[in-house]
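Think of it as A, B, C, D and E in the order they're written, each chain with its own count starting at 1.
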Amino acid sequence: MKAITTSEQEIKIPKPKIIRIEYLLSLLLLVFILVLWEVLSRFKIVHELILPGPMVVIGSMFELLAAPFFYSNLGVTLFETLAGFALGSIFSIVLALIVVSVPILYKVLNPFIIILQAVPKVALAPIFVTWFGFGLTAKIVMAIAICFFPTFINTVVGLKSVDEDSKLLFQSMVASKKDLFLKLSLPTALPYIFAGLKASLTFALIGAIVGEFMGADKGIGMLINTFNFQLEMDKVYALIIILSIIALLLYLFIEWLDKKIVFWTDNK
Amino acid sequence: MKAITTSEQEIKIPKPKIIRIEYLLSLLLLVFILVLWEVLSRFKIVHELILPGPMVVIGSMFELLAAPFFYSNLGVTLFETLAGFALGSIFSIVLALIVVSVPILYKVLNPFIIILQAVPKVALAPIFVTWFGFGLTAKIVMAIAICFFPTFINTVVGLKSVDEDSKLLFQSMVASKKDLFLKLSLPTALPYIFAGLKASLTFALIGAIVGEFMGADKGIGMLINTFNFQLEMDKVYALIIILSIIALLLYLFIEWLDKKIVFWTDNK
Amino acid sequence: MVNEILKSSDEVSTNQSQITITNLYKTFERDGKEKEVLRDINLNFKKGEFISLLGPSGCGKSTLLKLIGGLITKSTGSIQIDSQEVKDPISKVGFMFQKAVLLPWRTVEQNLILPIELAKGNIAEAKLRIKDLLSLVGLEGYEHYYPNELSGGMQQRISLARTLMTNPDILLLDEPFGALDEFTRENLNFSLMDIAEKSGKTVVLVTHSISEAVLMSDRIIVMGINPGHILEDMKIDFQKPRTDKIIATEKYAQYMLHIRDLLGVGR
Amino acid sequence: MVNEILKSSDEVSTNQSQITITNLYKTFERDGKEKEVLRDINLNFKKGEFISLLGPSGCGKSTLLKLIGGLITKSTGSIQIDSQEVKDPISKVGFMFQKAVLLPWRTVEQNLILPIELAKGNIAEAKLRIKDLLSLVGLEGYEHYYPNELSGGMQQRISLARTLMTNPDILLLDEPFGALDEFTRENLNFSLMDIAEKSGKTVVLVTHSISEAVLMSDRIIVMGINPGHILEDMKIDFQKPRTDKIIATEKYAQYMLHIRDLLGVGR
Amino acid sequence: GNSGESTGQGSTKSGDLTKIQVILAAEGTPMYYAYVAKEKGFFEAEGLDVELVSGKGGSYVVQQVGAGTVNIGITAVSALVTAWDKAIDIRSVYQINVTNLFDLIVTEESGIKSVEELKGKIVGVTDLGGGEVPMVKSILAHAGLTADTDVTLRAIGSEAPSILAAFEKGTIDAYSGGAHDLVSLYGQDNFKSTSLIPEEFKTLPSTGIIVNGKYLDSNPEVVTKFARAIAKATDFSINNYDQTFEIMKKVFPEQYMDEKIANMFLTTFIGLSTPIEPEKGYGYIYEDAWQLMVDQFKGDVISNDINIKDYLDSSLLQEINNFKN
């Protein structure tokens, strides 16, 4: 626990320059962009159907946040994302473990992995809809497909990156295969696995959204489609902003988890 | 040139075990999958509207490859992909250079970069179509948006990863700022930039396809949509396979380029 | 105190051979070509002896050490420890490498427990010894630190303590302090000499430093390269416990110059 | 041959002071706290002298060297080279680091040309000297190799050759061979001594090795820590050119023991 | 929208109900009758427990029904023609919209009044593979124009903002698409359009209940019950607009956030599904119009001869309309 508290303390002591000038400038830039945007829209320089003003968009955002249906749709998208992420991650980690521990399997599957990795997964969306229908399944499968490879590849690389010295050490201490795996290979691979998971989670959200674009009863992607269809562009923009915030939160969450679990890479 | 020839020679001498057993097994597995697939479709266990047999799909593939309209559509998708990739890469590298050489700019823009990076770019597809219309522009912009960040982030990291010793060395040799940049920072960043470009290129293809899914009059994505609509699933599958092959070729090409240009990381 | 923690298994250090190497050859295969790395090695190490292996890079010192430790297999010849042919790593041998290779996700204590865990030993009992071992290597109170909170020298001390956890009869050390600066290294060397002497362990140390070898060893095996072979098996005859005062002796200078001559160092 | 490539700018090495350090202090700021790293350093190095800086890790040897080279700025005091206050790196000073830091995308030749390129010098003329410099460091024929095709020792030789490309009067060397094994290091040390002696260059060498310092230097500056200060400024009095036969002398042993004593090494 | 789980009352006695899945080509207002039938308990009254799944576009519906993964669907029927061309046994048992769901519009200020005037102009379509292309070509041919030589077809998608932007930028002079897509355009205050569609194209079939052939042969009574509930719901909605609005608003809050737009949509779609000839009952199949549609597709999308009698089944209609008393 020591390492974590030390590094946390380090984070807790920023330079005590009251408010940092960069932050002020960033804020100023933000305000400038918003004002420019509002002017563009207020004076009809850009049609409101193309780009509604920021005030309208922010208003719609709160309107959406107040509507109960928003949360049920958000729930569905999050469920698809997280279910796809969880299943995809479990599949990929388990498969990576199997493939690394059976070298011949790795060699036989390798050409398939290279080819499947190259498949643009979003192009599979129509096929998944055909196979799995318009319910949640197709979106979850999409999320799985799109987030399988980052974690899989990283787990394989991580498990293979155990250095020779450590292996020799374990060998010299007469370690069993199981101990070698549990106490050396797996922890060594953890930082790599997390790097894969980090990429995956955002990909899973993208997978769910693309799946919903192809047709869905529920979900944020469906809402974007619906509002777009009804020409309520302010709501479309509001949804995209909300979606971005969700993506950011998911990313920050997994990064936090990474720091907590793989604490020993902190100081690198 | 020496390093390259050496490593090429190393590649040219594989173990002379006539044909390696793994390859045979991979081939066997492939044949097994194809036969299973054909059986599933031949005995109508899976309906041909959901999954046509491999023979039919391969037949359609050659049919497509013989059709002139296929090439004009392929040309459009490739153009969108490569134009998006080229523009996105140039933007991202130039912006990274500017941002790294003006530290205050980096700090001010950083929050925006973090947030924009989190935006699920595919969710922007409907907006881009509204903004840029139904032609190539929307797809190119989509490709740019989706492939901007990998290269941008990597270029920034690469430029910042110049080690202190090398900087001191250049300083001790009384180097100008320009020389420091051209002869040290840029070459040091090149491997990172290429890693970004590698990710980008596949992303650019995905961007173009997603853009075409949202509606297009030309392109492989449009063909997939059309054949899907006309219930010609064999052609849909054939197109996805072709698309995957293209993605693979693009990847192999950029990897080859990487090896040629950033030759000095070969032996790592 | 050393004697309490690291009890010698026999009461008196006998004079019989503990490690016996006869007609040992080792060949590696690379890219289909055979490369002879060790040729016709014959050695007898007695119990309690402090032996240094000295030789140029690539002469096979590490290879020889790994062979003795059972980490790799020989091509022909015989290696026996206490009259048993070495086939696999055995628990009476402790190995230590140039890098500390501590597991970064384990505290010092957890790292020290590792060899006991792997050997399915009694962990509770082992924990009792940690405090003494840490004070032996001069790091009392560091139980709950993580490796990345320690300096390189401290990490190597922990690595040494870990090697001692199972109280092995034989220590095989492959440039254990090679990555450290010279001052830290010498201090650790003297600690090591203390521990070895007082517990009567047999030590085989691989080193690049002639002065270090002369200062510490009872015997120095000077090796040559291409293929690795024994140039000379030298007895270093100073009384124990050693101090660095021997630097000022005629004998020391003679040993130094002789080995430099053998290895072709300097001019 | 050395004399042809590396001509001494003055014909005879005079006895006047070339590097003059007076009342030098250096403080670093970290996390808002001031840390004194060097306190009241006073030194005079004469032209053609071979000086070693010896001291424990963190005592400020590298900091002192960088100050002399103009790579960092002092807090108070004065550093003069040839009666000029040092403010920025100057071309009559050549710097060499512990790591070779060769640019991996440049061949040996292109790496050697680098300092000339950066100084906007005459490249064609510089290229003519490469062959001689390479043979000086024992690597003739390696012009078109890339750094990753060379061993660590070879890379350090190239790094040395690069430092010599601009024919600087003063060489500042920060543990230049510290990363190499002892045998390779000693061989390079002797090459370095040769070059320095024959070309009359002033050399300031940072090292961790007492024996290396005694063997090579005209003077050893022994430094203490917290804050970095000078413990003793020793003259090492052996005739030149040096050979390792001095190891067998009484004087050598005395120097060794005295420095060990100063630094608290051994027992 | 809330298609699946909104009816809590069905769950208790789901044991005696026949469970079926029905796939809809669009979600919400365009297929209001399905949701009204569900919410009003018309399915339950028929002894059915219906799960409604919805997707984007008719081809998926045809695909699923053709493959038999889902047996009943409601979709734009133009997608059916490609399936019939492949001799896939999907039958139409009920024609929902009797007026054409496709339209061909120009802006009012363009002054264009007839199809003939489109010579040399650009007509926007959703996409070139889309179902309306044969229709447009046929309409053009009717006016003596040839697509590609006299008139340029340009795909611009079905999203209203794109259509509007295309009109504003002059990228297109006319647009042909589903009424579904056009409704939101009609709602724009500053967008006035003129329809160019000739009279004889107005009875073209657009939406229908389609059934997998095998399923229909073995379960005609289930199909009848389902269609009857749909007919009942359509009838209810025509006569009870306000209640329908409330039901739909409850099921699709996101589509009813802006009540003005929502009103316009619902009115349009109820209008589109109101029979032209009420005396013929709900779901009446105009065989001549189907034949016209198949003829339009001929050569362009279809290559085989299609006997529409094999796929149109009016036999259930009498039973289906048997709900009023």
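The rule is short, and it goes like this: contacts are C-beta pairs under 8 Å (C-beta built on N, C-alpha and C of every residue); 3 or more make two chains touch, one makes a residue touch a chain.
As the structure is a prediction and not an experimental result, all values here were calculated from the model.
The minimal number of chain-to-chain contact steps leading from chain B to chain E is 1. Using mean Cα coordinates as chain centres, the one most removed from chain D is E.
Among the other chains, the CA centroid farthest from that of chain C is the one of E. Separation between the centroids of chain C and chain D, computed from CA atoms only, is 34 Å. The distance from the centre of chain A to the centre of chain C, each centre being the mean of the chain's C-alpha atoms, comes to 49 Å.
Mean C-alpha position of chain A lies 52 Å from that of chain D.
Per-chain Cα centroids separate chain A from chain B by 19 Å. Touching of two or more other chains is recorded for no residue of chain D.
Across the assembly, chain B contributes 49-50, 126, 130, 214, 225, 228, 233 as residues in contact with two or more other chains.
Residues of chain E in contact with at least two other chains: 57, 63, 69, 159, 161, 165. The touching residues of chain D, counted against chain C in their complex, run 56-57, 181-184, 186-187, 190, 208-211, 243-245, 247-250, 252-254, 256-257, 260, 263, 265-267.
Those residues of chain B that touch chain A in the complex are listed here as 22, 25-26, 29-30, 49-51, 104, 107-112, 114-115, 118-127, 130-131, 202, 205-206, 209-210, 213-214, 221, 224-225, 228, 233, 236-237, 240, 243-245, 247-248, 251. Of all residues in chain A, only 1-3, 6, 163, 165-166, 168-176, 179, 183-184, 187, 190, 263-265, 267 touch chain C in the complex they form. Chain E makes touch with chain B in their complex at residues 57, 59, 62-63, 66-69, 79, 82-83, 86, 88, 126-131, 154-159, 161-162, 165-166, 169, 171, 301.
Against chain A, the residues of chain E that register as touching in their complex are 1-4, 23, 27-28, 53-57, 60, 63-64, 69-70, 159-161, 164-165, 168, 181, 184-185, 187-188, 253-255, 257-258, 261, 265.
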